[in-house]
Amino acid sequence: MNLTEIEKFTEERERLNKLVLEEFADLEIKRFFGLDSQVYRDDVLPQKTKEMLGLVASLVLRCDDCIKYHLLQCHEIGVSDAELEEIISVGLIVGGSITIPHIRKAVDFWKNLKK
Amino acid sequence: MNLTEIEKFTEERERLNKLVLEEFADLEIKRFFGLDSQVYRDDVLPQKTKEMLGLVASLVLRCDDCIKYHLLQCHEIGVSDAELEEIISVGLIVGGSITIPHIRKAVDFWKNLKK
Amino acid sequence: MNLTEIEKFTEERERLNKLVLEEFADLEIKRFFGLDSQVYRDDVLPQKTKEMLGLVASLVLRCDDCIKYHLLQCHEIGVSDAELEEIISVGLIVGGSITIPHIRKAVDFWKNLKK
Amino acid sequence: MNLTEIEKFTEERERLNKLVLEEFADLEIKRFFGLDSQVYRDDVLPQKTKEMLGLVASLVLRCDDCIKYHLLQCHEIGVSDAELEEIISVGLIVGGSITIPHIRKAVDFWKNLKK
Amino acid sequence: MNLTEIEKFTEERERLNKLVLEEFADLEIKRFFGLDSQVYRDDVLPQKTKEMLGLVASLVLRCDDCIKYHLLQCHEIGVSDAELEEIISVGLIVGGSITIPHIRKAVDFWKNLKK
Amino acid sequence: MNLTEIEKFTEERERLNKLVLEEFADLEIKRFFGLDSQVYRDDVLPQKTKEMLGLVASLVLRCDDCIKYHLLQCHEIGVSDAELEEIISVGLIVGGSITIPHIRKAVDFWKNLKK
């Protein structure tokens, strides 16, 4: 994956979110998407911590798209390499070797984000 | 995904099912595939309801191929857009935001099926 | 499990829901609980179908409490024994033998509900 | 858990299997239960290996009842302590620390089986 | 659950950990248990953040024992009610309504811890 | 998938493992990768049995990359077609029809390995 692939990921995600929300979703789906944004907002816990929570949850549930999205957010909000290592260590120990293929892709994605 | 991709999905699925059943499967695997067809047949519950059950189960278990297959069946048997919205709402609430990447692809696939 | 245990299940569920909603939940959690009620309401799909969807989703995700709750709802709304058999058949085929311990408890719970 | 609890586990399992098969199951459920017995029978792979496969699958999917059942079978067919250690090591590494509560109960159950 | 049940949880956990480590585990299992302690230690990320990560991972993977253990750690290290609410909100949105039975028990356990 | 795709899988896996281990991993991640190799080594259980355990665990957890890796190992260590059939039968019965898309790809990969 190179920088162009990061852009491709973001564009495809936006295209499909728009399709779901504007041409498909009923009120319940829209409200859920609203809640999904709200829970990561700065509050008692800073957004940075919440993005870390979202990332580790996505890793142990093994969802590549969710991992990539939270990596983008973590990168933007200033999570460091060393912090990411420790988040991934926790996810790996909790979730086991079955998470390794997702960790491989996550690290590759992160390295491209840092370029 | 465009119409050609729907055809590609169906062809690849058929090629591999044939490979599994004709060149690999033992009696247990074959019997399981048989059961897998039977449980969706019209009976006390109509096939339409059963395809909906198969779809929501595939969504919360987050299997794109299974979702696509049941969307094909739902489309053929006349599930409406409004019905699909409600099935997906249930799956999203039960399974959480981790199902969203699968919902995005499902809606895209469905929109192409309707063309 | 006997009738008293059904009552115990319902009472404990209500006690804890009250604890969560009145003494713990923030706005996001409350809104999620609201959505969780809304998606099963009569709409384009009848509530009966939606409870079946909730049941099969709970079965393949292997959550005994969720299964029991949807069995209670299915019972109240008039799902028949024969319909339940077919819902469970779909769940068993999709989810495999790992769902059997949950099916055993579900059938026991259902038989007690019918008494 | 003591020896009496092993008996209780076996009796409850048998009572509920009987309930499911004699008073509930349709043809598909019965056929699935049949297949579920067949796949562990001595064939190209010995039953002992197949029970090990069933055990590790149950462990990574984190189903206590399934783990106990396969431990009973493993015990009966002569799996040694040292072999069990290695099966559990594989399951722990694949499935991560989330399997540890199940491993704790599995070891306790096994120690009681050996008494 | 009352205070005595918290003690019972802790004692049973310790008894079984001892059984696993002293009378069962091979080198790989012991090393894994070692790693499992290390990843939560104060480092670039403070232990408090890591316990939060462990908690949300346990919640979305729906393991009551793991949730209880991380709640104990979170309580000891000073996680506040408001912080816990937000961790649980993230877990609920990511993992969906299937996590609710675990959230009910978690809140009950937490309330008893605070007594 | 053809022979070239097997090579591509192996190369990409090695490139990313190198990236993770040399440019990202902390001590805990490195130790976990070490343990992950050790548990499959010849010991009381032969490596062949352990690779079978790893394969069935990967199948029921539905991780294509892990399945492919263990198929490569199984192929190298001499697992026969008939043995593979029985491993996959167990995985299919335990894990249900949701594993079928992974079985399709596994059989395709295996057939190419045998060429």
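We call the chains A, B, C, D, E and F, going by the order they appear; numbering starts again at 1 in every chain.
Quick note on the criterion: a contact is a pair of C-beta atoms (placed from the backbone, for glycine too) under 8 Å apart; a residue touches a chain by one contact, two chains touch by 3 or more.
On a predicted model such as this, the values are computed, not experimentally measured, just so you know.
Q: Between chain B and chain C, which partner chains are common?
A: Common contact partners of chain B and chain C, which must touch each of the two, are A, D, E, F.
Q: Going by average Cα coordinates, which chain is farthest removed from chain A?
A: Farthest chain from chain A, going by C-alpha centroids: D.
Q: Over half shared or under half: which fits the residue numbers at the contact of copies chain B and chain D, same or different?
A: same
Q: Tell me, please, which chain's centre (mean of its C-alpha atoms) is farthest from the centre of chain C?
A: Checked the centroid distances; the maximum from chain C is F.
Q: With chain centres taken as the means of their Cα atoms, state the distance from chain D to chain F in Å.
A: Here chain D and chain F have centroids separated by 23 Å.
Q: Hey, how far is the Cα centre of chain A from the one of chain F, in Å?
A: Comparing mean C-alpha positions, chain F is 26 Å from chain A.
Q: Can you compute the centre-to-centre distance for chain E and chain F, using the mean CA position of each chain? Integer Å is fine.
A: 31
Q: Residues touching two or more other chains, restricted to chain F: which are they?
A: Correct list: 28, 32, 35-36, 39, 57-58, 60-61, 66, 82, 85-86, 89, 92-95, 97-98.
Q: Is the way these chains touch best called a line, a ring, a star, complete, or other?
A: Its topology is that of a complete graph.
Q: Give every residue of chain B touching chain E within the complex, in rising order.
A: 60, 92-99
Q: What part of chain F is in contact with chain E in the complex they form?
A: Interface residues on the chain F side: 28, 31-32, 35, 38-39.
Q: Flag every residue of chain B that touches chain F in the complex, lowest number first.
A: 13, 16-17, 19-20, 23-26, 28-29, 32-33, 36, 57-58, 61, 63, 65-66
Q: What does chain B use to touch chain C in their complex?
A: Result: residues 35-36, 39-40, 43-45, 49-50, 52-54, 56-61, 66, 80, 82-83, 85-87, 89-91, 93-95 of chain B touch chain C.
Q: Contact residues on chain A for chain F in the complex?
A: Listed in rising order, the residues are 62, 81-82, 85-86, 88-89, 92-93, 97-98, 100-101, 103-105, 107-108, 110-111.
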